[in-house]
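Consider the two complexes below, in which subunit A is the common component and subunit B and subunit C are the respective partners.
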Partner chain A sequence: MDVNEFVNAFAAEFEETDPSEFTAGTSFKDLGEWSSLTSLSVISMIKLKYGVIVSGLDVNKCTTVADVFALVKKSNG
Partner chain B sequence: MDKNPFSLTGRHVLVTGASSGIGRAIAVESSRAGARVTVLGRDQNRLAQTLSALEGDGHEMNALDLNHADALERMVLGLDGVDGVVHAAGITRTAPAKFISQDDFQEIMSVNVQAPMELTRQLLQHKKINKAASLVFISSVVGGIMPYKGQGVYAASKGALSAYAKVLALELSARKIRANSISPAMVRTRLLDSVNIDAATLDADEQRYPLGYGTPEDVAWAAVYLLSDASRWMTGSNLVIDGGVTLT
Partner chain C sequence: MKAFIKGISYYLPVKELTNQELVAEFPEWTVDKVAAKVGINSRHIAAPDETAGDMAEKAAEALFVEYKIDRNTIDFILLCTQSPDYPLPTTACILQDRLDIPTGCGALDFNLGCSGYVYGLSLAKGLILSGTAKNVLFITSEVYTKQLHPQDKGNRTIFGDAATATLISTEGFAEIGSFCLGTDGSGADNLILRSGGRRNPSPMQETVAEDGSPVYPNHIQMNGAEVFNFTLTMVPPLVEGTLKNNGLENEQINLYVFHQANKFMLNTLRKLCRIDPERFYYCMEDVGNTVSNTIPIALKRAQEETAIKPGFQVLLAGFGVGYSWGGCVLGY
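Up next, the complex of A and B:
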């Protein structure tokens, strides 16, 4: 699992925010486009691409994209 | 002699999805109102717990998958005539529209729509629905009244179910058989586990409800009303019970 690939997949769930704004260190909840729907999309993307089920609460506890990646890696064992 | 119009004494009621949540509460409250209840569900152990929670005698259980055609037909053929049927089996998964898979679609639709339609077809074909019986479909406000994000298939399935109940109401009225749906808003049941929402988000959502979230019994008492003679002039309706949330 590659963090850059994850950042790209994470960025792809946003419709308005430019992908170039995303790095592993991006505080995604500060983005104007972050909402309950983008959260659902990220959760669905993680389930589909990584076969891991994370909760909205798990994602909300994260600050950066890298934090979410760590969550996925941990759950993926 | 006057009889309490809300009583289900002498009625045989079939309840699907009776192993937990709203279905279990409907089975229990129907038995408390005097009905003889046959409970259906997939989980044998939890269904047995429902059976043991019923008041009175003569109740039965049958653990089966309603989407298994042979098992369904065997169950229907072995059934005494019914005076009431409550379709409470239902599932959901959360996915925004761009992530709804064919698997999600087929699984949710087969449990929430196909199974109740097929059960109804078989009950009618085998003449198991008594005259003046009441058919109750547990729908949801999500099915066309109050959407929730991520519930596209669930919403489509519940909208389909409420629409189907209206057609049945029209087709079966000659035999005084009634069909209605109930559309509850959020009720805390096991179904919520599959929605994958955390407790804090649910608590915040509940704040929007003037009367808070509902309990399975709140829905069950409406079902008992629809099963009873008290609602004998009511057919083709969709009874919204929502703690006032759609007022806001």
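Up next, the complex of A and C:
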């Protein structure tokens, strides 16, 4: 599992925010486009790409994209 | 003996609520973006004095006319609703009288949401195969919009009202195959109307959750992310189980008709279940999520558009509030 690949996949779930704005350290909840719907898109991407289910509550507890990546790695065992 | 679907009709309330009207109410709501994602442009809303029982009657009358059904042949009424006209008596009993169906018929309501159509087919099939009934009038009718908080823009974007009527008989155009059913009551809290039953008979205080989102205990409340995760977890095994119980492989299914929750959810589930878009039916743009009504409305429209043809194997999957889920195969 590669963090850069994850950041790209994470960025692809956003329609308005330019992908170049995303790094592992991006505080995604501060982005104007972040909403309950984008959170579902991210959960969906994680399930389809990594085969694990993360809860909306846990995603919302994360600050950076790297935090979400850590959550996925943890869920993947 | 076998059980078949012999006819499906539906009723949509007159009033349509468009996305433009929702934008006017919620100027901050990027409704076009939301609409593109959930795949819903408008939905029908029951009139203020129109109940689930009223809409059920209209759907049944439409079925009788459309298929030239003699109401005297109906010997069982099943009504799936979570919005009965009264706590008691059973709305299905009132419908026997309003529809002028002989008093020799059985009648009962059952309380299920998005899995309700599949469960109703399983109950109707049981009644037919046991010889208890020959012609089951199975109605779904739901007025969720009456139970949504006026400020709950998310649910108001998704849900619409509707009623459907299906005749299940000893002959017809679609044989009802085998079922796969499931339940997980631990998810009850994620889609719930907390007050109004005997647990909390009086209206409750509205509060704010830990994450700052409002809590509407006197209206239908959905934790979208949790319900979404439930479907990601349970729907793929539901489809597998339904295929297995019917002795079929994915490739042998000509069309998949899932509960039309919203387009975003269905797209994700379709990919997870490895179903190509050509064999997956979408039907929500002008009606929204009509709870137990989505599958019969989709079946009716798919048949009219010849997306379903004789010889087709059609897999149904319903899932939602409870949690409750069910799948079956119809052989056209």
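Assume the second predicted complex is superposed on the first by the 77 of 77 C-alpha atoms of A that agree within 3 Å, B and C clash if a C-alpha of one lies under 4 Å from a C-alpha of the other, contacts with A are read in each partner's own complex, and residues count from 1 in each chain.
Note that a contact is a pair of C-beta atoms (placed from the backbone, for glycine too) under 8 Å apart; a residue touches a chain by one contact, two chains touch by 3 or more.
Model, not experiment: these values are computed from the prediction.
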One more residue to check, A:Ala12. First (subunit B), second (subunit C), both or neither?
neither
In the superposed arrangement, which partner chain does A:Gly56 touch: subunit B (first), subunit C (second), both, or neither?
both
Taking the superposition as given, does A:Ser44 touch the first partner, subunit B, the second, subunit C, both, or neither?
both
Which of subunit B and subunit C A:Met1 touches, first, second, both or neither:
neither
On subunit A, which stretch or stretches are contacted by subunit B in one complex as well as by subunit C in the other?
36-37, 40-41, 43-44, 48, 53, 55-57, 60
Quick one: which bits of subunit B touch subunit A in the complex? Just the residue numbers, please.
94-96, 98-99, 101, 149-150, 196-201
Looking at the complex, which residues from subunit A come into contact with subunit B?
36-37, 40-41, 43-45, 48, 53, 55-58, 60
Listed in rising order, the residues of subunit A that touch subunit C in the complex are 15, 36-37, 39-41, 43-44, 47-48, 53, 55-57, 59-60
Inside the complex, what are the residues of subunit C that reach subunit A?
33-34, 37, 154, 211, 223-226, 228-229, 232-233, 264, 268, 271-272
